[in-house]
Amino acid sequence: MANSTSKRSMSGGRIAIWSLFAVAMIVAPLIFRSSLALTILSQIGYLIIICLSYNMIFGQGGMLSFGHAVYTGMGAFISIHAMNLAAEGSFKVPLVLIPLVGGIGGMFFAILFGFVTTKKAGTTFAMITLGIGELVASMSLMFPGFFGGEGGVTSNRTYGTFMGANFGPQIQVYYLIAVYCFICTALMFAFTGTPLGRILNAVRDNPERVEFIGYNTQRVRYFAFIIAGFFAGIGGGLAAINFEIVNASDSLSGVRSGGYLLFTFLGGATFFFGPIIGAVLLVLASVLLSELTKAWLLYLGLVFLLMVMFAPGGVASLIMMNLRVVKFGRFKPFLPLYAGLIVTGALLVVGAAALVEMVYHIQLNAALGPQVHFAGLTLDTSSMGSWLGAAAVALVGLGLMEIVRRKFARAWGAAQEYIEAEIKRMEAA
Amino acid sequence: MLKLNDIHAYYGKSHVLHGVSFEVGKGEIVALLGRNGSGRSTTAKAIMGLVHAEGQLEWKGQDILRKKAYEIAHLGIGYVPENRDIFPKLTVSQNLLLGQKGAGKGSRWTFKDMYEMFPRLKEREHTEAGVLSGGEQQMLTLCRTLMGDPDLIIIDEPTEGLAPKIVELVGQYLQTLKSRGISVLLIEQKLTIAMHISDRALVMGHGSIVFDGTPDGLRADATTRKEWLEV
Amino acid sequence: MTYALELKDLRKSFGKTDIIRGVNLAVNAGERIAVIGPNGAGKSTLFNLISGRLQPSSGEVLLNGQRIDGKTPFEINRLGLSRSFQITNIFPKLSVFENLRCGLLWHTGARYSFLRFLKNLDEANARTEELVRQIGLERKRDVQAVNLTYAEQRALEIGVTIAGGANVILLDEPTAGMSKTETSHFIALIKHVTTGKTLLTVEHDMGVVFGLADKIAVVVYGEVIAFDTPAAVRANAKVQEAYLGSSVADAQGAGH
Amino acid sequence: MEFFVISLLNGLSYGLLLFMLSSGLTLIFSMMGVLNFAHTSFYMLGAYFAYTISGVVGFWPALVIAPLVVFALGAAFERYCLRRVHKFGHVPELLVTFGLSYLILEVVQLIWGRSVVPYGLPSQLEGPLFTIFGTQFPKSKSFIMLVAVLMLVSVWLLLTRTRIGLVIQAALKHPEMVEALGHNVPRVFMLVFGGGAALAGLAGVIGGNTYVTEPAMAGAVGSIVFVVVVVGGMGSLAGAFLASLLIGVLQTFAVAMDQSIGGAFQSLGMAVTDKTFGYELLQLKISQIAPILPYLFLVLILIFRPKGLLGTRED
Amino acid sequence: QKGETVKIAMIEGLSGPFANVGQNQLKSWQFLAENLTAAENPAGVKFEIVGMDSKSSPQEALNLLKAASDQGFRYITQGNGSNVAVPLSDAVGKANERNPGKEIIYMNYAAVDPILTNEKCNYWHFRLDGDTSMKMEALTSFMKDQPNIKKVYLLNQNYSHGQQVSKYFKEGLARKRPDTQIVGDDLHPLGQVKDFAPYVAKIKQSGADTIVTGNWGQDMTLLIKALNDAGLKVPVYAYYAGVSGTPTALASGGDLEVYQIAYNHSNYTGRMNSVMVDFQKKFGDDLYTFSIYNGLVALSNAMAKAKSTDPVKVAAALEGLKFNGFNGESEIRKTDHQMQQGMWISKWQKVDAKNKYNVEKTGYTFAPVKYLEPFVASTPTSCQMKRPSAG
């Protein structure tokens, strides 16, 4: 909500942050060079757009949608068809503009479906989106002509060149995505500072009153929904370029929509940059976590449960809370406490994870022998020692962590008290 | 009956009550006066166990400081909050039904009594409470608490938003309560009525009691009135 | 001549219950009217009918001579009528400043725009700053509305109501829950911000009523039983009986 | 005629199955406002518990014990997780149940494996109850119908004969006030959530052996139960019941209908070939979309009657 | 190349709804790789199979392809779901074109969409299973000789696989048995049917004497349950009756006549029997994806022929390769990389003296009914294979 009225142009801090964002996107592929890392980065890029577009309606507009994948997916399908037409030469659109075609596609469906969904709010809205999502997902499988059946629609992105790039190599695609990501993020941020963006917040907080200050709430929701649909479609279009295939089972499924919701929330829906974190986590969780461990779904479920219970504002709110402490110059004493939390937490996690891994091993791979390789150790599911050892590590970790946590909670409380008092004092002054 | 000794109360980290002490006797109407924000509502919440409080809090000789709100209610304290807190989607009679504890047998009060007291409620019996007029909601909250058959009733600004005539009426009913042996802790803004019907007046300022005496005593004490009540 | 606001035989019933039973009222531009009456008489309902929150069962509402019954709240608001609520109704998560600015965005022509920045809307921003000052919340300018005290929230409620620059303002119990001193400050504020506008306000505090109103409308049981100057109303026996309660007759019985 | 009677019977039995699956959700959703995404996970747990327990003590005791175990789990979840997030609002509540559904699925797979378990019908429920026009009607399905009706009656009694419903609805708005009136609100919440979970568990005990007990069973019915509850109208048990039957019958008869839009055009004399624009859509037969009709129904109902069939509130 | 280790990345859904199948097949790959005899492994290489979890998502699979390539895998395999196979094949083709020197071979052991060896055929993709057209060809050839089949009801999932089953079956039947009637051709949404009773009522009304279905998973088991419940004793010709879990569900259903059309059955003798028995002993699970065996044997043969494990050479050697598979002489057709092999019709029945293999410990088994030679099942292809220009 940082909005100043004075006509100051961007403040120094803000310029710094945006530059940092740009620089990070430029250098990331120079640091992470493997082809997997590059696809991961590419996916993060367009998922940032998608999660931000989702948060436009969810965090800023209070509309809980279970069907956002409809708009990203349709955007992707339209993009891939456009690519194929372009390759044939019947619809001359350069690849760099394909995401815009996707955006228009997403927007078209947002105009179509949004017309009915945004008439309602709250649970009713949520349930209509759930219904539409299920319908679109099921129907898409029935129409192989447009959706390409099970295999989906494939394409080849190298049908033209742009400034010497033919977009065959992943790195070129990455930079295309990065450029779009930066522009879209900037545009969506700009949106939060426009009249419609602000009224959207008002509609979220108190739709009834909005009607009495001259605004049609349905219209406000509808317009926001359409704009979000546009950005979602851009994200879909970039996904189509990235994979060169669009597939109903991936692009339109309810699981996808659920993923956008979950990770946007996990990143932090109350802050503009929260969904960016969410997008990063989404990719890491789905690509890397499952590589690391078979128990990834269990961990994911646990992390969700714990995050929602203990940090309902998402990662972004944790960051902001700490920044507040930093701002008031009270952060120093927390450094050792955080270190303590991390160390003891790591103990707990290692111990508990060792147990989980052994259980999974028994379940899935027992026939391959009792050895489990975990975190550089070799555990033996048939030996009591491994079990007891892991349990002991977990318990010790838990105990120590509790001690540190109590200390932390006390210090945190004191710091917050100080800050509150300080704010009051400043207000009074 | 009710005895507060050095009660401190907190909202999160902010310290609101700084050592409140007073007593309410059986069948007594005690007015708790004070400016906005002086902590009167907080005192009521502290008694009901709705805010974190420290100190000594006794009811009929029993320590109730750490008890849960519903336990305190079962011990016979009724509470009418200042913001009414009616249940908007329930009908008037359902709201009253929720006021009853257990089956509502042996209560001094019945639905009939309530409807006689405020015939307007009888008319709106099956209406959703949320659409009642502001004043009707106020009546409903009072009745709802009475249905629980309390021995002490804490009323936070009951006359807010009531037409002048109804304000008089409420005053009379409070005296009826007293005549049935019920104690009343009346938190009020409108001095006239409070001074008129109460046996004792307390004045609160900055989270502690700054005056404890009779209404007449308060009338005489111009400095207290000036400083703490801005009459 | 056209009235700023005119009600013609306005009626409203919920199910079988008639709540507003043929109200006729004509208010001249620039007049300050207090609407009083027993609890449940239908004052808030009347406001709801005028502002479009409820649709009348029959009858007409005219704003500056134009029919507005049947229109939605936002259409009516755009025509220059604004209201406040008996129970505070603001945007809790937005700051004071943002609340007020939202109140006037439509009327400064920003509408649904997403191609302009708020911070570049000079006129809107200047007017908002002015409003912040008018309602005396300069010090709380950037505080979230939830964190305001009750009285401050009430002030903000009025601020949001008048922000759009409507000519006809309806205030529902604006001073409820305030202490005496606050109330008198507040009345001064209301007077100040509504100068030159048509004002209707519901009040139970007779001090306020007599201090503020040019004319008083007494609503009892869904009917206007008196509409006159304060002095005349105070003297009116029917009003005494039904509302002011010099004697302790059963107010609820009135109208049976 | 014959086909009509059998289809009607099938429709009713499918409708009652839907009601059995969703009655617990209705209870929780209508009273607590929680969109419990883990509802069908409790259904699955009921089936697996019953499978294990019936292996030890037989099916009939398991019919009682398994729901009780699920009740305990549901109540514990409310007590230690849901209650914490209640104050943050509906979306976190929903997400916490989301997380739970992941956990339950994984734990079930850890304990019982990733494949189907051989959870069979007890001998008393095997075979047909009666035969009509040469088609058998199985005992197991009849039992489901019976249980669904019992669920309806007992939940209805709970809602109308006790104040629990009122207490919860009131507590959603002003929990402190309800406590101040002398009601132990946290306990009521816990019991209601546990009760809803137990209903799901009971459904699992019977659904598990009538149909298939496998890890996918929760996901398979995951969204249809919401359709039932929402179409019926939030807060309305009778609505959910009506919606279940309606959807059951509607869908069953839709399966029999081989008409398509294209076919209708053709009978009007228009030429519809695979060159016609939108041919894929035009040639789609009603029977082909029968199983997803409920979603269409949901969308239409919410557009034209957002309160649902018998609902009283909009959200 | 003797003694070399060939690493194969198995990109498959190892968690999520199809985890049980994927996990079983991962074990099958690993088990068979470890237990190849010298005759089966003429190249004498050591195959090492690493599972990578795609969660059955095409996009995840593509990510894993990159990961596998990063980690130096030159062979990948996948099978469950043409929705993954098509993108994967496409991506392998593109990657090989864009990264010469890092070619990857894709062994498809179960994805049966004919498109993979027709319109979208790809030089680096080899299919070990028989595609839908082949199976339907075989099935209709079998039915040709069953005079009591008169009225057939088709019930399939409404997506490309189900639509193809319906299409190829109707084509084949019209050619071979024009006298039979298709009395019903129903498609239902994938995975959305909770109770098949209405379909059963419809089938009964149609008077069908045979049901043909490509359904799998819940859509298969629930269909069989509903048929049993209603007591409608119409033989079912199924595609996927033997997949993990389905037999258990079938066994608790009743004694319906179920036939399976597949490249195998469960009562082989000799080598395949011992493999199955050993596998069941070790994992307590059935080995039913025989194409994996063919895949390993074919690879090893090709490596021996190419005298190298370099995918470029091996791919060339695989083209047109003839080798001894579990059904005897088998060939990877050069034109489209579709393995040409015989097909079995087997019947779901109680184990007996002749058919002893106990499927999923249910007491039931798939007993062979008829073997159809490779040439019978063979279907033409429209593939125009683009081979990388030499050099």
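Lettered A, B, C, D and E in written order, each chain numbered from 1.
Just so it is clear, a residue touches a chain if its C-beta (ideal position, glycine included) is under 8 Å from a C-beta of that chain, and two chains touch if they have at least 3 such contacts.
On a predicted model such as this, the values are computed, not experimentally measured, just so you know.
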Notebook entry, point to check: So which chains count as neighbours of both chain B and chain E?
Noted result: A, D
Checklist line | Least hop count linking chain A to chain C through chains in contact | finding: 1
Next item on the list: Select, from A-B and A-E, the pair of chains that is joined by more C-beta pairs in contact.
Entry: A-E
Margin query: If you average the CA coordinates per chain, which chain's centre is most distant from that of chain B?
Written below: E
Notebook entry, point to check: What is the distance in Å between the mean C-alpha positions of chain B and chain C?
Noted result: 30
Next item on the list: Provide the C-alpha centroid distance between chain D and chain E, rounded to the nearest whole angstrom.
Entry: 35
Item checked: Gap in Å, rounded to a whole number, between the CA centres of chain D and chain C -> 48
Next item on the list: For chain B, jot down the residues that touch at least 2 other chains.
Entry: none
Next item on the list: Return the residues of chain D touching two or more other chains; collapse runs of consecutive numbers into ranges.
Entry: 109, 113, 288-289, 292
Check: Which of the chains touch, listed as pairs?
Finding: A-B, A-C, A-D, A-E, B-C, B-D, D-E
Margin query: Under the stated contact criterion, what part of chain D meets chain A in this complex?
Written below: 35, 81, 84-85, 88, 90-92, 94-96, 98-103, 105-107, 109-110, 113, 223, 226-227, 230, 234, 280-281, 284, 288-289, 292, 295-296, 298-299, 302-303, 306, 314-315
Check: Where on chain D does chain E make contact in their complex?
Finding: 3, 6-7, 10-11, 13-14, 17-18, 109, 113-121, 128, 131, 134-138, 140-141, 209, 211-212, 214-216, 219-221, 224, 251-253, 255-256, 287-292
Note to self: Show me the residue ranges of chain A that touch chain D in the complex, using the header's touch definition.
What the structure shows: 64, 116, 119-124, 126-128, 130-132, 134-135, 138-139, 142-146, 254, 258, 261-262, 265, 295, 297-298, 300-305, 308-309, 312, 359-360, 363
Note to self: Quick check: in the complex, which residue numbers of chain D touch chain B?
What the structure shows: 163, 166-167, 169-170, 173-174, 176-185, 312-313
Check: Residues of chain A touching chain B in their complex?
Finding: 413, 416-417, 420
